[in-house]
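Chain naming follows the written order as A, B, C and D, and within any one chain the residues start at number 1.
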Amino acid sequence: MPDASPVKWHLAHVTWFFETFVLEAFEAGFRPHHPAYRVLFNSYYQAVGERHPRPQRGLVTRPSLAEVLAWRRAVDDRVQALLHSGTAPTLAERVELGLQHEQQHQELLLTDLLHLFSCNPLAPVYRPLPLLPEAVPLPLAWVPQQGGLTTIGHAGDGFAFDNETPRHRVYLQPCALANRLTTQGEWADFVADAGYRDPRWWLAAGWDWVQAQGIEAPLYWRRAEGGRWEEFTLHGQVSLAPHAPVVHVSLYEADAYARWAAAEQRLPLRLPTEAEWEHAAAPLAAAGMANGNFVESQALQTLPVAGTAPGLLQMYGDVWEWTRSAYLPYPGFRVWAGAVGEYNGKFMIDQTVLRGGSCATPRSHIRASYRNFFPAGARWQFSGVRLACDAE
Amino acid sequence: MPDASPVKWHLAHVTWFFETFVLEAFEAGFRPHHPAYRVLFNSYYQAVGERHPRPQRGLVTRPSLAEVLAWRRAVDDRVQALLHSGTAPTLAERVELGLQHEQQHQELLLTDLLHLFSCNPLAPVYRPLPLLPEAVPLPLAWVPQQGGLTTIGHAGDGFAFDNETPRHRVYLQPCALANRLTTQGEWADFVADAGYRDPRWWLAAGWDWVQAQGIEAPLYWRRAEGGRWEEFTLHGQVSLAPHAPVVHVSLYEADAYARWAAAEQRLPLRLPTEAEWEHAAAPLAAAGMANGNFVESQALQTLPVAGTAPGLLQMYGDVWEWTRSAYLPYPGFRVWAGAVGEYNGKFMIDQTVLRGGSCATPRSHIRASYRNFFPAGARWQFSGVRLACDAE
Amino acid sequence: MPDASPVKWHLAHVTWFFETFVLEAFEAGFRPHHPAYRVLFNSYYQAVGERHPRPQRGLVTRPSLAEVLAWRRAVDDRVQALLHSGTAPTLAERVELGLQHEQQHQELLLTDLLHLFSCNPLAPVYRPLPLLPEAVPLPLAWVPQQGGLTTIGHAGDGFAFDNETPRHRVYLQPCALANRLTTQGEWADFVADAGYRDPRWWLAAGWDWVQAQGIEAPLYWRRAEGGRWEEFTLHGQVSLAPHAPVVHVSLYEADAYARWAAAEQRLPLRLPTEAEWEHAAAPLAAAGMANGNFVESQALQTLPVAGTAPGLLQMYGDVWEWTRSAYLPYPGFRVWAGAVGEYNGKFMIDQTVLRGGSCATPRSHIRASYRNFFPAGARWQFSGVRLACDAE
Amino acid sequence: MPDASPVKWHLAHVTWFFETFVLEAFEAGFRPHHPAYRVLFNSYYQAVGERHPRPQRGLVTRPSLAEVLAWRRAVDDRVQALLHSGTAPTLAERVELGLQHEQQHQELLLTDLLHLFSCNPLAPVYRPLPLLPEAVPLPLAWVPQQGGLTTIGHAGDGFAFDNETPRHRVYLQPCALANRLTTQGEWADFVADAGYRDPRWWLAAGWDWVQAQGIEAPLYWRRAEGGRWEEFTLHGQVSLAPHAPVVHVSLYEADAYARWAAAEQRLPLRLPTEAEWEHAAAPLAAAGMANGNFVESQALQTLPVAGTAPGLLQMYGDVWEWTRSAYLPYPGFRVWAGAVGEYNGKFMIDQTVLRGGSCATPRSHIRASYRNFFPAGARWQFSGVRLACDAE
């Protein structure tokens, strides 16, 4: 899988990030720990220089894990020393960026590991299946959203990526959002109804993708004896939890599901836009209700809705929610100055925005304005679906 | 070039369109002219049935041109007969759609022919170079655009494609638009300044594209003796007209040019959004000023600005203007019912909107709300650039 | 199909061959008919200069057919004039080479046309099916071949390609050759016995090829209603003639068939080597018995054995017989001097030798020493199978 | 590199071989150590069942190295127990085959490791450069070889692979063989003379390969400061030893070099056939002179000729010598019965024979009749060149 990287590479790359963007920028008389590491562990920063070819990341048997760990300790010590000397005004901002970056790779490390294990016929288990509470199914309901002028984008003093700014006005049509995420049980109905074999539901590129790759179900679903579906997870291969949110679906699948569901339910269903999502999700955060199934819950899988509260549930955590918005610059967008300007802006083409964080995301990493993005065919992330419905 | 089709195929396909969407829908006791033609000349309508593989269009030596022309005459006669009988209320709408469709293929036919000839070392000439008036260069100037709430999308009774609807409100930031299109002379400065070799200006996917394909200039630019640029056109290989709009550039190039120009001019330059474009262009059409260099001028190439009028020039005709908007459904969008619903909606992913028509477009085909769309790397169309500038 | 070329290209290329290797070499004050044709219609001669990319041959809509025909007439006239002036000693040899070359392209033209028509859902007919005599099936029998020292390679004064020389000694083990070619009926048994789905019979590369391309039968076999096999030919789609030789099979298929037949018949069956074939075939030619179903018979398809004569039948014509010999230089092989040295020698790697000519080959083109060669997966030629059997 | 496998995989695969072909065949009540290992570590034996996709070998992070080592110890114990019980007559033969197979993988392990390290910008060192004796250059000389009828193939009671049998007669033309291997200094002259940029020397497929992959020198040659050549080896990146045999060249390069050398020296030079090589090499082995630079010398690189003895030097060890013989079945060849029959026979297409073993081959593994084989573009093995010359 060309998108995934080995665990050791992730560890080395986040170390590289601190060395390059903190130490090199702020340390007097900076010298790199090892010159070749600058090439080996640079992901995509052209301004920093050469990069090791991405598909060869799996071939980097040297440096050894012990050497990478030693490098990390040395970089940590130097960053600590810098922070204690503490004069540069922007140093703390850069260390914050390094930590946010590392949080992103903590999530990628889990998604890459899940993919790696999924390719292994031994079906390795990362962590035993936790004991989960009995699920109480919650019927799908529609939570109306007012339209009109609203404002989205990052506000306040906290950390945000450049792509969340500037805060700006947008005009929304009224609509309704599903009260919860689409479940695996609902998705199984889509599969059973030949949803993956009917071009009516699919974008043209999605249909090509389904045909070319022989896609029949979410990434880690597997047929068990008797045709029953099972799911490969970080807990190994387990029965499908019907009330848990569906996960590891692409934008193509999410969009096709919405079109199928619209026909089934005779409602103008679709995926929400990112502005609709943020407009609905921001008040929850402001009210201290941005809780959810994040990596700290240690579930490492999606969980059924807890309880039967009214309003919007599962907006944060569980799965990254595909929107129907292209990942594009906000009006007035400016990339950060310097090489860190390559962090986000240069990827703003042919990618789709996802919102809300997942069961593999650190809770402190997520904001209402947070924009994740992946190509329409990506599905090794913990990505899922919340439906929207046009107001009549 | 997998995107291009032979001339005979275009002729047969537009005939197929009338046969399938007019005759089959409205003719009593309909029988197709030849059953195999329904497969051979179906472009992408899944609901109509099987299609001949697109890359094999060049291999269809049978039916012969004479047979296709005979088919066309027969279909024309049957459509005429239907129109004279004239009872079905929606028949005229379908014939209108067939005509609009044929206008699109008239443009494609020219762009495909240009590409075909460009691959031939004989450099064939489609039509001799017309005698053009002396060009008076017009300096680039910025025409301010007010922001605020506005409305875009098709209005009124005339024909429009489903993707132009529904008309809806959007909120715009204030900005300025360039008074004219970017010229070939300006683009030559970008090339001379190593713009195609500096990753700073490029989207990541654009940089990969430039590197992988060895792109160095617009599609049909060629180095002549002494390093001077020439251009392959439907008039053969000719000197570059420096004051004519640059053409045959991809979205990647358009976006990179804007970033380079922003650095050169120390202005927040960028491509416009489609809403900004339409908001500025609609009043021109309403005022009867949607003139421009369309296919009827018979120039078949871009032309320098005529005169030095203030305000926005060249908004219509000359080149399709790349916007920085993804081709996505408008709020409340519904596809047309039936197989014609595949016309537009299923392509709404990973494509970018272009506006305004080109020197190969029939004048009557264009509206302020017209949305053309192509992938970010496409450049065999007559596509060019108008810059926008953020208001400070 | 990247191996096939359009008819007009073949016509132009054989004209190019005469212009380049006859006129340019022998005509005083030679000037090419059109400089660009030298690039457009050069197949693979590096020493002659640039070549037009092979996959773009289908895009050469200019020069028109009329222009190519005019070129051909002009070249013919100039060659005639040269022959009448007639002084250069090697001129006749070169004209002979040009004629032999043209014979090869006459065969390729038919095989390429068959392939082109086979891709067309209209299933065009090149020529109506001839009325064929009733076939009398001839049982397979083994004709013993003595081993020992023998001599192969071209002998005598007639024309031969460089790859047939020098004549040299080889040592052969005794074996037996099948009295006739493998028939379509026999091949249908192989198909029915799941021969294409059992890796035991296949070379590893052949098995990969079968799997990757979903091969289930010879190239032009097609399932008709009821599961019956039909065959696409230059006469359109017709019933499979069970007693006619199987044709359009690759070396992979030929080799797999031999291994399956060996298991079926409990005999050490295999394909013959080219030396074994030539050793057996040369006496027939010497005895004036090199007759067969060549292009002059106008059948344009394989024919059942005529009569029940003892000895080796169908050695010449009908199908090119796959051998189990790699196409390699004979001991002491020297390529021709000059650019014509690229005719054969540079292809001597990873190709397999075929012998005997086919129903699309001109009769005068074939010799016992003639070596045809194609990659192991090629099957759009009229290629088939004669089995050999080790002597116990 | 799709041809190379990780070290752990090699270890597991040779263990799998013993488990599958010794234990499963001979152990009463056999049960595999772990059922999934049978799939994971099966290289290409269809008859044994499913195999893990080769390109995914690098992704097998489970089982861990400790688990593989434990498996190996368990299999070793069970094989020992079987040997002590010792009743089956063919058991010793199968264990011998397992050992021969393991010797092959010992060599592959070194060549794969060298390739892996060569991709790492850290240029890891497998073992420090040994202190080598001063090289005394030996001029190239020609050792005449009589032609006529000879016999090749395995003789005697010792172990041999099926592909070396049956022993059979061949007729050879007289020729001469180079007294030593082609050196790196000689090869540097070929490079300096633009040998990689002149299509005259190359097979057509070789020229395509050179162009498509940008090949300029042997696989591990690298330009150092000042244009001087260095070489990446298992001892890291070192100066080129001019008198040591050139190594890591493909058949394409070897063949091109021979053609260039022929033009340079105005001699009919070429690569030898495998029969010529064996005919010359067998007497050396019979005379106890099959010594050479094998893995036991611990040089792990090619070494200059030691001394100035007359006759053929370096026939064994140093490099696998490319022949100009396709890897094809000998007359009367029979594959081994059962799944081990897939060991050699099914690869007999489009591969070329190499002879003599290399500096990474165990000495006891090599025989005069030993046939190694690789595709014409392979060069990560220790492969080199000995020239042959036609007798006039």
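The rule is short, and it goes like this: a contact is a pair of C-beta atoms (placed from the backbone, for glycine too) under 8 Å apart; a residue touches a chain by one contact, two chains touch by 3 or more.
Everything quoted here is computed from the prediction, not taken from an experiment.
Participant: Can you name the chains that touch chain C as well as chain D?
Facilitator: Expected: no chain.
Participant: From chain C, which chain is the farthest off, judged by mean CA positions?
Facilitator: A
Participant: Distance from the CA centroid of chain A to that of chain D, rounded to the nearest Å?
Facilitator: Centre-to-centre distance between chain A and chain D: 47 Å.
Participant: In whole angstrom, how far does the Cα centroid of chain B sit from the Cα centroid of chain D?
Facilitator: Using C-alpha averages as centres, the distance is 58 Å.
Participant: Specify, in ascending order, the residues of chain A that touch 2 or more different other chains.
Facilitator: Chain A, residues with two or more chain partners: not present.
Participant: Chain touch graph shape: choose line, ring, star, complete or other and state it.
Facilitator: ring
Participant: Pull out all the chain pairs that touch, please.
Facilitator: A-B, A-D, B-C, C-D
Participant: Considering the complex alone, what residue numbers of chain C touch chain D?
Facilitator: So the residues of chain C touching chain D come out as 44, 46-47, 149, 168-171, 173, 199-200, 202-207, 251-252, 255, 268, 270, 324-326, 328-329, 331-332, 334, 346-350, 352, 375-376, 390.
Participant: Hey, which residues of chain C end up touching chain B in the complex?
Facilitator: The touching residues are 34, 36, 39-40, 52, 56, 58-63, 116-117, 119-122, 124.
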